[in-house]
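When the chains are written out, they are named A, B, C and D in that same order, and each has its own residue count from 1.
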Amino acid sequence: MSIIISNEEIAKDIYLMTIEGEYQGKMGQFYMLRSWNRYPVLSRPISIHNIDNGSIQFLYKVFGEGTRMFAELKSGDSIGLEGPFGNGFPEPEGKVAMVGGGIGIAPFYFAAKHIPEADVYLGFGQEAYLVDEFKQVARQVVTNVGRSIIEDIEPDQYDMVYVCGPHGMMHAVADKAKHSSAKVYVSLEKRMACGIGACLVCSVICHEGNKRACVDGPVFLAEEVNFDAENGL
Amino acid sequence: MQRMACKIAGVHFNNPVVMASGTFGFGKEYAQFYDINKLGGISGKGLTLQPKAGNRGIRIWETPSGMMNSVGLENPGIEMFLEEEMNFWETIEPAKIVNLGGGSIEDYVQGARLITEDTYKRREQGLHGVDLIELNISCPNVKQGGIAYGIKTEIAREVIREVRKATTLPLAIKLSPNAENIVEMAVMCEEEGADAVSLVNTFSAMKIDIKRRRSVFDNGYAGLSGPAIKPIALRMVHQVAKHAQIPIMGMGGIASSEDAIEFIMAGASVIQIGTYNFMNLRAGEEIIAGIEAFMEQENIQSLDEIRGIV
Amino acid sequence: MQRMACKIAGVHFNNPVVMASGTFGFGKEYAQFYDINKLGGISGKGLTLQPKAGNRGIRIWETPSGMMNSVGLENPGIEMFLEEEMNFWETIEPAKIVNLGGGSIEDYVQGARLITEDTYKRREQGLHGVDLIELNISCPNVKQGGIAYGIKTEIAREVIREVRKATTLPLAIKLSPNAENIVEMAVMCEEEGADAVSLVNTFSAMKIDIKRRRSVFDNGYAGLSGPAIKPIALRMVHQVAKHAQIPIMGMGGIASSEDAIEFIMAGASVIQIGTYNFMNLRAGEEIIAGIEAFMEQENIQSLDEIRGIV
Amino acid sequence: MSIIISNEEIAKDIYLMTIEGEYQGKMGQFYMLRSWNRYPVLSRPISIHNIDNGSIQFLYKVFGEGTRMFAELKSGDSIGLEGPFGNGFPEPEGKVAMVGGGIGIAPFYFAAKHIPEADVYLGFGQEAYLVDEFKQVARQVVTNVGRSIIEDIEPDQYDMVYVCGPHGMMHAVADKAKHSSAKVYVSLEKRMACGIGACLVCSVICHEGNKRACVDGPVFLAEEVNFDAENGL
């Protein structure tokens, strides 16, 4: 168990949790979090939002029972986390765009710190948050509230596009980039149990067969994913 | 610890803690978190003759103190397993259990043959091979219109009889809690020469998405596991232990060493841990230590002293 | 709200929310917390011909997201009920269901007769009487060595046939999830002229006290209820709805209006709330309001639009 | 839901919780508490330890899962409580002794405030607590750590003896008082589900048949209880 330094609501239902300790991890990897003992049964996969000396941060949206329990935690409370899990985004080769939709922006703060020369596109439904923080680490930040962030990005201008957001948005970016030279990487959300590749509840339908979101992903080259068969959660 | 050792059909288990099929892969992944050589045994991911891609759509849904899964036996097929995973298994100590599924009796039989032959070949080469086959009869019987083999005793009997002929390896039958009569089923397994029964598999269960007005699972129903089912599973193990002689691998919702000891007191020879692996990546290690501590505390020299005592 | 109204065997329910037998007394106690006239119906505490003191020892044990009970049908007997509690029931609006248990077929038959005669007498006096008898066949069959009537279809048939002859009141059969084949059981109820089935009763389950090396219940097994069982109960209701025509009172772990709607979408005519009453003393009120809000939101004019839709 | 003012560990595993609000109740009555939503299923019965203007207090011992969850609550957290339930101790007629064993002392603070002329006997296993507080409200307080408090009380000297503690202790006090003129009242602990008399899981075997601990009790005249058949929890 680790100790929570702070856990603040930074926008409606969006929380930033900071946990004490020395943590490992690469951009796009995730941890399995549980702040309870027996109930609910499963831990929750949450992306690394940031790692500093002595702490790790998660940015999460209150969605159901588990994230609601996270939101109730206060400084000094304890939480269990296992990780880092998953492959993470590949190292950059050429010019990189990061496209986050909604809470899908979570992994890109850590990613932007790692690749400061990348362009960051942040799409919000109703209310923007953390934009100033992103601006401090990224070369360029494009934000968009209420409209689709997909319109703002020109895949042709990039060699690699990292996407995280709703399933439909990832599919759409992949489609938009189809005839460009950009390689699109999507971070897929799947329900998970073990988080380490043993149970096969998180299979992603790819053209070459199933892959496990928790170890072979969560980041996939968009063109390997069979988006016609794979409909996310 | 010597006094935790158990034996089923001549197979030695260092302790009664076995990892349940489908929840532990073949062990490799968990080996990152603790020394899996501490385990009594591992039942590998369920295998079928042909590789299977498993079910489409949502495969897991959380329920109060439980979970439902609809993996649909995704697996690389027996041959791939024998070629790749068996090499890893040769390097580890726990008793090695192959969990065998199938759609037709021929598939089951053919699968059992492949595994058996491979093991004999390995033993000739000084290797270990497989210790035990665990026959999963919860698979849908293609001929009977998709109803699982494990529901009706006489239909299960057919597949068990044929598989029993096809292998000389120790054979356990994994019973479904959806069986019409679990005691009758276990007695039949005994009659057909099985060496053990594993119980229980998951309970047939359902979840409806009321907004979309459909089951969340493409397949309709899915299998419930986890702490929610423990009281029922324990009752079933107890019932079978009281009415049959066949050794039992007991499971269903075990999530603490106390739970594990309850199953042993109800009559299980060894216990299996499934869903709890997802609640605690070091489940096996923790439960073994807990049983050991209990034995110490209550001055129990051998699990035989408490097995089936209730 | 008019559009929540339901009918089973001619009995009108203002809404589909019925309180389950054994968890709600006869309603008086809960009337302190909300207006129980809002309820669709109440199934009273299970009654037997003779008063029963129930089981000794521990009667309740909490489990993960569930509870086990071993009340053992403690009740004042049918005559006492008719003399005392029926007067209270005459003053309230929800549909009135008598839950009838028994040890022998004669007890069941005699109980049904007493209730029926009393109701006809009351009706002659301009009173209301009982709306429906709910036959609890989970009681142990004394002749069959204590195995419950509700396990084997043909044994259940005997008691249902006799009780059906003994009463002209609407008759529902409360099925046990421990039945060997719940669909066959429901079809049999239909064949024997029952007007509805209630499902599910509690699951046979067990808890061992590992220090004392015995079951915590004097009786050995006890009945599991609560959210833990909901996924299995929902599957059973769905299965029965798909394979039989008989109206269903669905229950088992319902703990929210979403759960209740799932049961209706699976095919239940009305639903019953048991254990959730213990989690929330105002359970009935809350669930009715929740169903109403859902109908509003989804613009559903009658529950018939969604009943059995999955 | 009500708000917790404070929740302090006053001795090892013994907590005193103060909750904001105007509450009703008589000595020996209890509330059903739950600080959780769905898990565990059942609420926990806890005796009224004290009621003041604007607050109610409960004194509890950490025993299992539920009381452990209570112990984690902090000032400002919320908790659900329903009550008061049960009959409570009868009004005094003559000279009263109150005998509490272990956490069984909980109801007697409120009772002693109500009957200041009563003698209070407090038996502790290892460590005494709240003795000064009891002394402020009671005429006489006898404490005993480690030995049996039963030895300290002479039933003959009283008209009524109220007892709360382990089942065996209540049985023993009842036996000791058998040939005295004192009427002994015991507060029995039974597992409960509804708490209001509807479910019959809390039946107490009395000479005249079963009674419900939650409404006919928890306080029973010792002589009505069939102590040979009734063995508590």
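The definition used in the following text is that contacts are C-beta pairs under 8 Å (C-beta built on N, C-alpha and C of every residue); 3 or more make two chains touch, one makes a residue touch a chain.
This structure is a prediction, so every number in the text was calculated from the model and none was measured.
Of all the chains, the one whose CA centre sits at the greatest distance from that of chain C is A. Just to note, of A-C and A-B, the chains joined by more C-beta pairs in contact are A-B. Mean C-alpha positions place chain A and chain C at a centre distance of 47 Å. As a whole-number value, the distance joining the C-alpha centres of chain C and chain D reads 35 Å. In chain B, the residues that reach two or more other chains under the touch definition are 64-66, 226-227, 255. Among the residues of chain D, those touching two or more other chains are numbered 38-39. Those residues of chain C lying in contact with chain A across their complex are 64-65.
The residues of chain D lying in touch with chain C in their complex are 34, 38-43, 82, 191-203, 205, 209-210, 215, 229, 231, 233.
By the touch criterion stated above, chain C contacts chain B in their complex at residues 63-66, 68, 180-181, 203-208, 210-211, 213-215, 221, 224, 226-232, 234-235, 238, 253, 255, 258, 261-262, 265-266, 294, 298, 306, 309-310.
For chain A in complex with chain C, the residues that touch the partner chain are 38-39.
The residues of chain C lying in touch with chain D in their complex are 22-25, 29-30, 32, 45, 53-54, 56-62, 64-67, 69, 71, 74, 226-227, 255, 275, 277-279, 281.
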